[in-house]
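The chains carry the letters A, B and C, assigned in the order they are written, with residues numbered from 1 in each.
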Amino acid sequence: MSQSVLHPGLDLRRKRSWRSTKSLLMSVLMGLSVVAVLIPLIAVMYAVISRGAGVMFASFPEFFTAEIPMISRKAGPGMGPAIVGTLLATGGATLIAVPLGILGAVYLHEYGGTTKFASIVRFMTTVMTGVPSIVMGLFIYLTWTMKFGYSAFGGALALACLMLPVVISSTEQMLRLVPTNLREASYALGASKSRTIVSVVLPAALPGIVSGSLLAIARAAGETAPLLFAVGAATAYNPHLFTEANTALSLQIFSNATSSFVAAQERAWGAALTLMTLTFMLTVIARIFTARFALKR
Amino acid sequence: MAVTQAANKRAGSPSAPGRIQLERRSAPALDETEAVFDVENAEVFYGHFRAVRDVNLKIYKNQITAFIGPSGCGKTTMLRTFNRMHDVIPGARVAGKIHFHDVDLYGPEVSATEVRRRIGMVFQKPNPFPKSIYDNISFGPRVNGVSNKAELDTIVEKSLRSAALWDEVKDRLRNSALGLSGGQQQRLCIARTIAVEPEVVLMDEPCSALDPIATARIEELMRELKSRFTIVIVTHNMQQAARVSDRTAFFTAELDSKNDQRTGILVEYDVTAKMFSNPSDERTENYITGRFG
Amino acid sequence: MIDLRGKSAHADRAFRWVAVGAAALVLLVLGLIAVVMTDKARPVLAEMGLDFFTSTRWSAPDVLYGALPFIWGTLYTAAIALAIAVPVSLGVALFVTQIAPRWLKKPLVYMIDLVAVVPSVVFGLWGVLVLSQHFGLGRSFLTAGIILAVMITPIITSLAREVIETTPASEKEAALALGATRWEMIGATVLPHSKGGLVGAVMLGLGRALGETIAAALVIGSALGQITTNPFAPGNSMPAVIANEWGEADDMHKSALIALAVTLFIITIVVNLIATSIVQRSMRRSRGKV
């Protein structure tokens, strides 16, 4: 009973007023905005899966292995060279950006601290994170591709430029989480600073660093603009990192999306499904690492 | 500089009167064995803040020396000067004479890592590395150049036995050290410290995060380890100091008239039995009888 | 005999210098970008002068490069994107932090973060083959704005969530204890508390929207010389022009495209810097360290 018999004025029942209605209304609006975010996500996933899977499984496994038709109106598979190109460019970028990024973060957190140089580098890392990817693409074209020609490596350089600041700041955040007393324990055993960093600090932060790096790799794998001017437009397999024009899944999606030929559009959907699967997988693995890290803390 | 140091070393350490440690805890006077540390007019600064001043004392070999005193009196600060742990704190600076045997710990050619290999430290909160028990113990020896697997196995077992932990963990050496209880973790940290065979073990309130039973085990362990190591322990717990230590140093914080900051000073340093029964300084007596701090 | 001299100091110092080198690489790359790009942009700026920024004619055959329509297109699509994304992101962030039951919170955050992982070219593909064709939007400012809105929503949401979660529970409880409804509590404590951070989050979203290339290039319509507020008209944006025209550009044309990139670079960096400084300041303040 929410109404008092002894005190007739005491009534704790919910009253319908403009205030409560307004609050309810706003809550509904918030719920609707969640729906508004999920609709495009579901719509995109639905389109990519339904149309991509059709293409993919109509010619399975040739879609993943066959070369890209030179004449784009021709129906049929495949995306083999683009998959190889994406792996080459992303893998190359990872090999460049992840070690350098971790080292940079080690400098910032373990050596630099609040010194002026470290503050400048930290500030510039933020600046670099904001550089539009197309600008990175042009930069690599001007400094690398113009001299050495198209190659997957040019793409790798451009992607590495995008990844570097992301890896630095995510790694620095992880290093910040490593308790100081672990460092002290290592010093107290006679370990040098570099030894402490390599054998204690980095292993302790490793799951977080891996997770952050995987997210950066996932984003890089999906990038198009940086590859646009550096990789070229091959249709045949090119397993070489440093020489000859190559291609990538994202580049194939970009060029085929605006094609008026249905066959090319179909291949674009297939490539989109392949690329999304790749980036989602990397993201899920990153999440697993994060979850394991969370358990340990 | 190196030449004179070497010359000093050749000249030999000051003659050590009694090398044999006698268990004479009840006696008011304790033999002065060889001094491991010789501190004169030591001061520690954090930036412009003077944390400790005018410390003069000697730490004797194979004895347990306890630093007691109220919070903020600089006892931990003083402890950390002995293995140069201040080096890793930006702005921290040590002045005065701090000699390890006959070598100036803060001499120009002295390496902090070499110092710490000989002078280990156990911290307030158990801080095992997020690695396996085995890797925790073998870390120190590995860092110091031991890579032979059999040798490492021997060291790990020996250290864990010394820390009275072997029987509890021998079947799960490959498990994470973070799975151990707080008391076990702290004994693991002690085992890790003695695995590098230091000469001195510094302990910074090693029991403050532990329950009474775990504390008792650590104290027992300290008494056992005394025959092999020189131990300096900082403790908040006066009973603990009275129970385990041979000598006790009482620190307190005093207002520095020059800059209105509280600076730690050493009030009194003597054989523990005397400190707790018949201290010569009134401030010590007040603290020990609970009238202050 | 005690020898306390260092033995491994060389390795230690070498490691330190390697780390310093890696950190300095950031400065090197940024410096190179600035130098190389402005150098290559010089020819067109010498030719066009300030007209590059004010003229509306962009015609490679006539060697006329007026970038104003593209600057306009970039700003206009970004404005449309913000107009959609800001209220939605704020609503989502409030829903997740204030309303959603605990079990729903995590999956919801995962789903929204998943949007950020979808490659922009996939959004572009969906925009050009589904959104613009089946919803009668055509390729236009609005289509580009919608796609950009979808892409920046997770960015704004996740930052807004972080900022909102710094509101002390005691303040919220105080408001509720005074008889405030949930919305009144949000209006009285959460929003004022996180105002600065929210502005910063929006600015970061803006920075991303300005620089986004591929999705815009696919759906904006690639019209030349359009300065219009009609959202259904086809237009063009700076990054889209660079992506679409680079392939067949001669030297002067390339210089013009690089000049566009430099302009874009400067605008996004200014926006991002303002955003980060706002976010950092408000985060510091909400943690109590002014």
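Simple rule for what comes next: a residue touches a chain if its C-beta (ideal position, glycine included) is under 8 Å from a C-beta of that chain, and two chains touch if they have at least 3 such contacts.
It should be emphasised that the depicted structure is a prediction, and the values quoted were computed from it without experimental measurement.
Colleague: Which chain, with its centre taken as the mean C-alpha position, is closest to the global C-alpha centre?
Modeller: Ranked by how close its C-alpha centre lies to the overall one, first comes A.
Colleague: Give me the two chains with the most inter-chain contact pairs.
Modeller: A-C
Colleague: Going by average Cα coordinates, which chain is farthest removed from subunit A?
Modeller: So the chain farthest away from subunit A turns out to be B.
Colleague: Per the centroid of Cα atoms for each chain, what is the distance between subunit A and subunit B, given in Å?
Modeller: 49
Colleague: Distance from the CA centroid of subunit B to that of subunit C, rounded to the nearest Å?
Modeller: 54
Colleague: What is the distance in Å between the mean C-alpha positions of subunit A and subunit C?
Modeller: A distance of 15 Å separates the two centres.
Colleague: Residue numbers in subunit B touching 2 or more other chains?
Modeller: Each of 113-114, 118 in subunit B touches at least two other chains.
Colleague: Could you pull out the residues of subunit C that touch at least 2 other chains?
Modeller: Only 8-9 qualify.
Colleague: Hey, what residues on subunit A touch two or more of the other chains?
Modeller: In subunit A, the residues touching two or more other chains are 192, 195.
Colleague: Quick check: in the complex, which residue numbers of subunit A touch subunit B?
Modeller: Listed in rising order, the residues of subunit A that touch subunit B are 113, 179, 181-192, 195, 199-200, 203-204, 296.
Colleague: Residue numbers of subunit B touching subunit C in their complex, please.
Modeller: Against subunit C, the touching part of subunit B is residues 2, 9, 100-103, 105, 107, 109-111, 113-115, 118.
Colleague: Spell out the residues on subunit A that touch subunit C in their complex, using ranges where they run on.
Modeller: Counting only subunit A, the residues touching subunit C are 19-20, 22-23, 26-27, 29-34, 36-38, 40-41, 43-44, 47-48, 99-101, 103-104, 106-108, 110-112, 117-118, 120-121, 124-136, 138-139, 142-143, 161, 164-165, 168, 192-195, 197-198, 218-219, 221-225, 228-229, 250, 253-254, 257-258, 265, 268-269, 272, 275-276, 279-280, 283, 287.
Colleague: Quick one: in the complex, what on subunit C touches subunit B?
Modeller: So the residues of subunit C touching subunit B come out as 1-9.
Colleague: Name, in rising order, each residue of subunit C that touches subunit A in their complex.
Modeller: Touch list, subunit C to subunit A: 8-9, 11-12, 15-16, 18-27, 29-30, 32-33, 36-37, 40, 87-92, 94-96, 98-99, 108, 110-115, 117-126, 128-130, 150, 153-154, 157, 181-184, 186, 207, 210-214, 217-218, 239, 242-243, 246, 257-258, 261, 264-265, 268-269, 271-273, 276.
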